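Each in structure tokens, the structures are laid out below.
What follows is a pair of complexes built around chain A, which joins chain B in one and chain C in the other.
And now, the complex of A and B:
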């Protein structure tokens, strides 16, 4: 462990980060130079595809590796917050009970708290804290995701998309936006019927994706995965429940890591990641700053004008910006 | 140009700090309906409930409470082993420095067992038919803002 923190200290720090409490940012500033060592792996997929069980088995398999290659593993499991009460039921630990008793594993459940991208707003900072603490592997399990919850690709070096037989027919496989962020595809529940069809649907979805169009679309969203340098997401058959295919899945993740290093793609993605992180934070700060400096009079005036449809919201925003005399 | 404020993670989205509550079922009975009802009710009261599922040992529960940094631990037990298991959970929490985390329990717990459990560190015992509002009030009263 690189820092003089107990596990309890770490747990409490994570709470402060989640809540944006006093002192959390100072702690993150101090931790930041110690980050950048962990391998951060995202696991996403539809509800019921078996993500939690698979994450649990991956952690177990990593811990069973021998010698120097036996990493400390942290798991961040995100579940949705209720839009009505703001509360949440975080149930991912139910499927991770086999990990109990291994002090090299740390599991933290997080509520999405209104964020819509499949992870919480504070997930990136929580991952940083775990990285600084000394976890060599950080697994992020997203909320049950469909086609839009792709934010994990902004944090993870490797994204595993979990599919299950019967969960998505061919049309789903083709349209699912989530496949576009896949670095590795795990077809879970491979003991069930329909695996062959699922795999062939996924294969043709990968075939159809035009290399160039794909590249352009991804560059635009800063979620580049297949950048034309030749990575096609491998499809790995697993059965998390029967502990089959897990070693092969870890091998695929390792191969992707080697690819990122060998091609420079990892470095390129890292640069993109920090840039989009800074921009996102700047956007937030600019909005906060602007809202503090805009006078109530100006604000209420444009609000009324837009309400009466005499002013378009875009013009209203421009007017407010002008009032700041930047 | 004025100076920018300190960045806060997700500052615009987080208004209040939600309470984090661990709900666990120690022991061997396989009935988790009660635990799930409580979990739902606490979620609807705006809390974040970490539900760990069935057949948890005292050590598993205490370790989860530590990692999840919960504000309170709720235990549902129907097996009759409460006099043994609940004090062991309180002890496992103390061993990890979590003696300040309030513990409450529900299930089939006879009245005559309650004083000894309170003595052992179970701050609230809620028998069958306890109004959920009582449990929520208990949690709110026992979890003043830390920090």
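And now, the complex of A and C:
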């Protein structure tokens, strides 16, 4: 059961996962039986909602929490705009300075640089490595609001959507449609004007969601937070900068964990996570295998026909599939 | 060459594309030779930047433009948070009221409901349908900031990133890392405070981008705006609500179109678009074919082993691939 992994080994492994190096898989295979102990929490929300500060404060609060044995906390900041570099890396450097000195907190930014199965698979692998290493809490922070957040929902056990009172009357999470993946909603910058409106807009959004047909869509995608067994995402007011409401936020995350265990929803999500992870990786393997076996002649002919608009891309894909004689 | 497609046929076809109905492909095959005439423009940016209003105003301005024969304009609002419903649909209804009465503008929200190859492929198909129908201008609006925006960049000929002066000092597009896909930058709400800072922050971001190593990343991903042939995204101040700067924005889009034609960059992008479109569809076809041929016994055994953490998901995918004896 001994892993004998140093911090430096861990950091190197993460880099190899990011880069999609084949050698990393061997290490991941060896680690995998040691996973399953970490609590994995996703934090997402529109840019400007103050996610980074909140994540730092959550990590700090977890470290200081009484009654617990000072859990080791890892923060993974994932940049969905990869393969480009983005704001996450800079933001990370700023935060590192702040949390520097506490060896119980590990911070890492990552971007996808060709990992098999995309950034979601790479993130899952990094989380596994941190889990096996012994981090009790793994916080996944994502920048932006899009498909990646849905994929992160599959990796995390609990998803926190961060909202901040805006200049206007818009609730960003509602506008970006990411409220549906929320298990807990944190309204950050709660010292600012407009908090009451933001909370009331969020409450309304939660109220009308099922009547709005979301319920059916949720059941179909099996990502439901409100799955009929009675979980309604609590709204927690926080001010990360003033360190207010953080303890209450962690308590809400604990309550959600208890809910996952008590209802079996946690196990159900775990099974879904495995299935979608395997399929994402199989999809990439199949394409790689296919691209090696498709002849250049077939490939170029199909590209030329689509380029002249005499062949639709979907038909082109079918032709290539046929040429493989599966 | 006659298509004999009514507006109603078109709307129905789009619904069938969204739903991933097989029958839609036949219609798409018939349409495809008639595509290639529309100008396809992507508009993206963080929630709250006022994209929807700007898109409406652009459509209106294109319709009113002198020297042109009142082009037919289509707006496709894509919600990346699909398979959930989201803000786009509501926003669309609000806007429709406003543009109602001009039959030269067609507005459609779409979410992915199981389209083969995901929402990017479905969007490409909808754009093809609109193109074949005769829309001269197709505006693709995306809500949110994530991987989908990169995929939209591949569909559109010109990508406009919308930014608005924020309450804080953050430039959302920089933070979300979507500036790299910009061909034109629109700073909306230009009547607000903080416009000068926003523009200067954007200029700085554009200045440091190549020195920052973005250049390499861009070349590698072949999505470059600044690709060494001399295109630097112009920054255009607009106020969609006050209908200011819209004509200048359209002029910037025209200039980018001329650049694409003059340098051959447009043709290069078109080839890349085809290739990534075909591959996305092939990937899904391969997975479907594989899942039909993988036995339930093999599949369940692999799921169970991963569930017990004795097998890594990547190894599980390899095992399934092996079981296919390709």
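Throughout what follows, the second predicted complex is superposed on the first by the 273 of 326 C-alpha atoms of A that agree within 3 Å, B and C clash if a C-alpha of one lies under 4 Å from a C-alpha of the other, contacts with A are read in each partner's own complex, and residues count from 1 in each chain.
Basically, contacts are C-beta pairs under 8 Å (C-beta built on N, C-alpha and C of every residue); 3 or more make two chains touch, one makes a residue touch a chain.
Because the structure is predicted, anything quoted here is derived from the model rather than measured.
In the superposition on chain A, contact is made by A:275 with chain C only, not with chain B. A count of residues in chain A touched by chain B and by chain C gives the higher number to C. Within the superposed three-chain model, A:134 lies out of touch with both chain B and chain C [touch as defined at top]. Looking at the shared chain after the overlay, A:310 reaches chain C, while chain B stays out of its contact range. Contacts of A:166 after superposition on the shared chain: chain C is touched, whereas chain B is not. After overlaying the two complexes on the shared chain, residue contacts for A:8 are found with chain B alone; chain C is out of touch. In the superposition on chain A, A:285 makes contact with both chain B and chain C. By the touch criterion stated above, A:25 is placed in contact with chain B and with chain C alike. When the two complexes are overlaid on their common chain A, residue A:194 makes contact with neither chain B nor chain C. Contact with neither chain B nor chain C is seen for A:104 once the two complexes are overlaid on the shared chain. Contacts of chain A with chain B, set against its contacts with chain C after fitting on chain A, overlap at residues 25, 81-82, 84-88, 91, 121, 125, 281, 284-285, 287, 289, 293. Interface residues of chain B facing chain A in the complex, by the touch rule stated above, are 2, 4-14, 17-18, 20, 39-40, 42-53, 55-57, 59-60, 63-64, 66-69, 96-98, 147.
Residues 25, 28-29, 32-33, 35-36, 46-48, 79-88, 91, 116-117, 119, 121, 124-125, 128, 143-150, 166-168, 170, 172, 174-178, 180, 212-214, 217-218, 220-221, 270-271, 274-275, 277-279, 281-287, 289-291, 293, 302-303, 306-307, 309-318, 320-321, 324, 326 of chain C are the ones that touch chain A when the two sit in their complex.
Remark: chain A residues 7-8, 11-12, 14-22, 24-25, 81-82, 84-91, 93-94, 97, 100-101, 106-109, 111, 113-115, 120-122, 125, 281, 284-285, 287-289, 293 touch chain B in the complex.
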